[in-house]
Amino acid sequence: MKIHEYQARNLFRKYGIPVPDAVVCHSVEEVEKNVPDDGKLKVVKAQVHAGGRGKAGGVKLARTKAEVVENARQILGMDIKGLTVEKVMVADAVNIEKEFYVGLVNDRNSKSVTLMASAEGGVEIEEVAKVSPEKIIKLAIDPLLGLMDFQARAVALQLFGEIMQALAAAAIIKKLYKLYIDTDASLAEINPLVLTPEKEVWAIDGKMNFDDNALFRQPEILKMREVSANEQKEIDANEKGLSYIKLDGNIGCMVNGAGLAMTTMDMIKLYGGEPANFLDIGGSSNPKKVIEAMEILLSDKNVTAVMINIFGGITRCDDVARGLIAALGQIKTEIPIVVRLSGTNAKEGLELLKSTGLPTVNTMREAAQKAIELSKKSKV
Amino acid sequence: MSILINKDTKLIVQGITGRDGGFHTMKMKEYGTSIVAGVSPGKGGREIDGIPIFNTVEQAVKETAANASVIFVPAPFAADAILEASCAGVGLVVTITEGVPVLDIIKVSPVAKRNGTKLIGPNCPGLITPGESLIGILPGNIFKKGNIGLISRSGTLTYEVVNMLTKNGLGQTTCVGIGGDPVAGLYFLELLEMFENDPDTDAVVLIGEIGGDAEEQAAKFIKEKMTKPVVAFIAGQTAPTGKRMGHAGAIISSGSGTAEEKIKALYQANVPVAKEPLEIPGLLKKKLGL
Amino acid sequence: MKIHEYQARNLFRKYGIPVPDAVVCHSVEEVEKNVPDDGKLKVVKAQVHAGGRGKAGGVKLARTKAEVVENARQILGMDIKGLTVEKVMVADAVNIEKEFYVGLVNDRNSKSVTLMASAEGGVEIEEVAKVSPEKIIKLAIDPLLGLMDFQARAVALQLFGEIMQALAAAAIIKKLYKLYIDTDASLAEINPLVLTPEKEVWAIDGKMNFDDNALFRQPEILKMREVSANEQKEIDANEKGLSYIKLDGNIGCMVNGAGLAMTTMDMIKLYGGEPANFLDIGGSSNPKKVIEAMEILLSDKNVTAVMINIFGGITRCDDVARGLIAALGQIKTEIPIVVRLSGTNAKEGLELLKSTGLPTVNTMREAAQKAIELSKKSKV
Amino acid sequence: MSILINKDTKLIVQGITGRDGGFHTMKMKEYGTSIVAGVSPGKGGREIDGIPIFNTVEQAVKETAANASVIFVPAPFAADAILEASCAGVGLVVTITEGVPVLDIIKVSPVAKRNGTKLIGPNCPGLITPGESLIGILPGNIFKKGNIGLISRSGTLTYEVVNMLTKNGLGQTTCVGIGGDPVAGLYFLELLEMFENDPDTDAVVLIGEIGGDAEEQAAKFIKEKMTKPVVAFIAGQTAPTGKRMGHAGAIISSGSGTAEEKIKALYQANVPVAKEPLEIPGLLKKKLGL
């Protein structure tokens, strides 16, 4: 789960990590009303769940209140990577002497939360990681001991030569780790962490993601969830036991199992088509689930053909076929559907499906080829 | 021979009284797995289908000399169940439960290491040594004894591949579903090494996915350490990259994670990568000179 | 540091451990005013930092409000092991089907917090531990993992056969452990933990001690400190860098080092005397400290002779002698004082002390013998 | 020979820029201890009395190959200092600091064990191998090279005893002050075993105290495992028992803790217990046939 920069900053502040004052506004009116006219340099930032806001024009400096309002007017409603900007954050700008990077992330290789830090912070940090990986300090944190004081201090001393600055940075790193653990985060970044000409250390931009698996025990984090229309569709699907991600193609697919669903998409592409979605219906033969999956799938107006790809394991194909028949009996659509059944009792299942008159096949390859062929003819 | 499990594997089921636990216990027993105990706190002393139930894993191990455990308990309690099994000295713990918080698995990992427990999963279908022992939720009927080892990050896709192997006369020594979670137990490296050392395994099928750099590491290991042929398939070649984890995710797996990079690394290790699952049996036969 | 039962109960309640309702009163008037006349069976308990309250008559059941008042009147002002009862707690009594014991303590052997539990709770638990140690379940808790759920459950299942009761007890044990760690406790006991006929699990009596070394980071615990006059003297001494414990004898002693101070007491006893105190002045030769130590020592009216026992290590005896001379020049007392100096530069030190006219000796044995001899003559 | 430290011991001082740390660094250096580095965050690169200062123990170990560390940092930071030394691979860490929270030491102990670090202290005077190395705050001048090992829970009392040993011609291999805190590092058992295995140690003096059951355990060890003579003294024979820790304290050390019980256990292990420190040299000489 993602949250906005302003929400991450609120968490930072709650944990004692110093962030400049800021106001969040949903409209130009709110900006006019709520942003203080205090003559301080300000930065207006789009709040969307997308990277590259700066390059897209979603981050602007403002010297006067009038400039703040004008910038907010430009940014609000802007489209960044397909997302509409509905909020801006107006924050006090800070003078920057030097920018640093600090991040925490779950690392599958070391099976630990890993601290990363660099004296080369800012927007180009990924480039630094690629070109000069030696400039990124990495530290795998012992999950039972947590981040020890001496470790935070040692890392901070590599970034900041001066001890008081290093201790300030070490304290921030320790707090970020505590926040990370307390909230079941999967990513926490301060980029940039800034040293001002006055030798103060501030967290300027923050980013946090959270482990979806742990949201059941993180009610405060869950409250922060804001979702776009597409994400809402994915969440609704999830609540029905379906895993759905909308894509840009025209061949809808419905598959049991995530790996098989990804492979189904690959097959469609391999044979010249474009998948319209990822959709994993899990291991059940329940007709209700098939109907719900079909409804979600067909709500995408780009879909011109559907490929149903089922491999029977513990669930037998004949049971799955019965579920499909029940479901397809209730779904009225002009869109052509091809069904592939394989695995346990596939023969019996395919036999049962004959009654539906739907084209049935035995392999994924055939299914993909057939679906592509049908999609070209269908012109829905 | 085989890896990890065989006919001497004595299994405990943690969460045997739950719906999934009960159903798959029956299925595993039908397959022939030696299930020696179930654990369900407060239900110690009872029996289910002739399987004795204990309050704790410690008691179960003491009474039955069990050496493996499979976990079906709900996600919020899965980490504690793993710790219980590991601290009771169980050598192999297979966690089927999905939705386990990542930080729970991170916390459990060093404890398992300290106790000498091998973990598989969470969020995995389990593993099977055909004809000897099945642990998890795999459909036993599609497997066949043979000389191919298989390691997979995916569930149903594994069945798909195994089904084709079996139909093509390519039986299996052991098939391991390692699960798709961000942090998990045994992974490609450890399992490739086990297959390399297993005299009955002649070739290995590796089924990877986009994300992380486990396949790249596997390729490096194969290039440097393996004498046996490996054939691979990578799922998600066309999946959108939008779902990645910001800067930190990119930094931690710098230059890794996409299907192209994985496939490139595997080719460099002389591992043929199937374009679609149907190609796998053919690639294997070619490597084995069949 | 010790706290009263009612304070431990407040901590229990804060951590969600179920305790019956109770009122704390400092006087009979407060009892009359604050204890509800609700017809419930109540128990009136003396709140003092001493064990064996029950045997001393400091715990009484009361069926009516009148009985509560009468019991409180008897208990308030009572002397228990030298401590005056200044407070009573009046708690709702609970019907008891069975009593259990649960305790946590720092264990030096396993270097861990150790959980102890027994199905034979109540006042005789120490006797149980001696006679039937197998009836006490002991579990060393991994300091990095903490008390794991399955461990708390396994222990609780050994006490309570029934799963719902066991889970209630396991939850209490987990909360007690969290409280213990959060507050740097050195002891936490629930005795008895009670099963009622209604099959509810309640913590009836609670006891907690805390690690003095950790009070610097436990401001909330420190606020609970209530000290007797003697304890206050010890605390005052502590703040001056002195370690003082009052005893019942008549020979005051002043020593550098705790082990040597204990040995000095032993020597006094060995040669037929009775030490008046334990007093460790630490490693300094600062005259101010010696003066303060002497003042504390002489404030005990039982003291009829003083033995000063100094071993010079890093601190040289001649320096110590100069400190003693400066201090003794300012202290006017009729009580005889014998000084023993040994170790580094002892000869020079003893030479310097000649000017004071005080009897000086070379060994502890001589010092003890001399002090006893002087105490018999002194009759102060 | 000796135990734990000798002329090859290369010492780091953590907290070298503090008042006590600075003073005792000078004293140790005067005695001849090989002090190779000091650690003081933010002061890395400087020198004090020719001793190079580093920001971290890790750097200090890397540059100097130090194998021991002594800790003088204030109590709230002592546990972190121990962890830093242990995680940097230092094999012996001696904590002089007093007032360290017990739960901090409890938390640090398993980490030290995992890293193979021996801990001494906290709240201890340190240890000495006369003529070779002194770590801590012991007064070096009272010690003399010889064949007696000494282990003590007390500070000044140790000096008292050592002074008498030296005056009676009984020199020492190594003297270790293990400290008086409720939970501490190396204790009687481990050190008795080291002395038993040290070819140059002919007899051991054990100085115990009331509280806990370490002396009873030592007695058991001596009876079962030791061939070398041991002489003991127990301080606090007349101390009041009121300061004990309620039921749990009594239960955990059931039937232990008082001076009488300790003395009884030691006599049963054929260990003479001195009534007063003055008796110790005589008892030793008798045991050694001098």
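Order of writing sets the labels: A, B, C and D. Residues in every chain begin at 1.
We adopt the following convention: a contact is a pair of C-beta atoms (placed from the backbone, for glycine too) under 8 Å apart; a residue touches a chain by one contact, two chains touch by 3 or more.
Here the structure is a predicted model, which is why all the values come from computation and not from measurement.
Enquirer: In whole angstrom, how far does the Cα centroid of chain A sit from the Cα centroid of chain D?
Expert: Those two chain centres are 56 Å apart.
Enquirer: Centroid from C-alpha atoms only, then distance chain A to chain B, rounded to Å. What do you get?
Expert: The computed centroid separation for chain A versus chain B comes out at 27 Å.
Enquirer: Rounded to a whole Å, what is the gap between the Cα centroids of chain B and chain D?
Expert: So the centre of chain B lies 50 Å away from the centre of chain D.
Enquirer: Which chain C residues touch at least two other chains?
Expert: In chain C, the residues touching two or more other chains are 144-145.
Enquirer: Of all the residues in chain D, which ones touch at least 2 other chains?
Expert: Each of 111 in chain D touches at least two other chains.
Enquirer: Graph shape for the chains shown, where an edge means the two chains touch. Line, ring, star, complete, or other?
Expert: The chain contacts form none of line, ring, star or complete graph.
Enquirer: All pairs of touching chains, please: list them by chain label.
Expert: A-B, A-C, A-D, B-C, C-D
Enquirer: Mind pulling up the chain B residues that touch chain C in the complex?
Expert: Residues 41-44, 55-58, 77, 80-81, 83-84, 87, 111 of chain B touch chain C in their complex.
Enquirer: Over in the complex, which chain C residues touch chain D? Could you list them?
Expert: Residues 51, 101, 103-109, 111-114, 116, 125-126, 129-130, 133, 136, 138, 142-144, 181, 184, 186-187, 189, 191, 207, 209, 211, 213-214, 216-217, 245, 247, 255-260, 262-263, 265-270, 275, 278, 283, 311-314, 342-344, 363-365.
Enquirer: Using the touch definition from the top, list the residues of chain B that touch chain A in their complex.
Expert: So the residues of chain B touching chain A come out as 24, 27, 75-76, 99-107, 109-111, 137-139, 141-142, 152-160, 163, 180, 182-184, 207, 209-210, 212-214, 217, 233, 235-240, 243, 245-252, 254-255, 275-278.
Enquirer: Help me check something: in the complex, which residues belonging to chain C touch chain A?
Expert: That would be residues 144-145 of chain C.
Enquirer: Write out the stretch or stretches of chain C touching chain B in their complex.
Expert: Answer in residue numbers: 145, 148-150, 153-154, 157, 162-164, 166-167.
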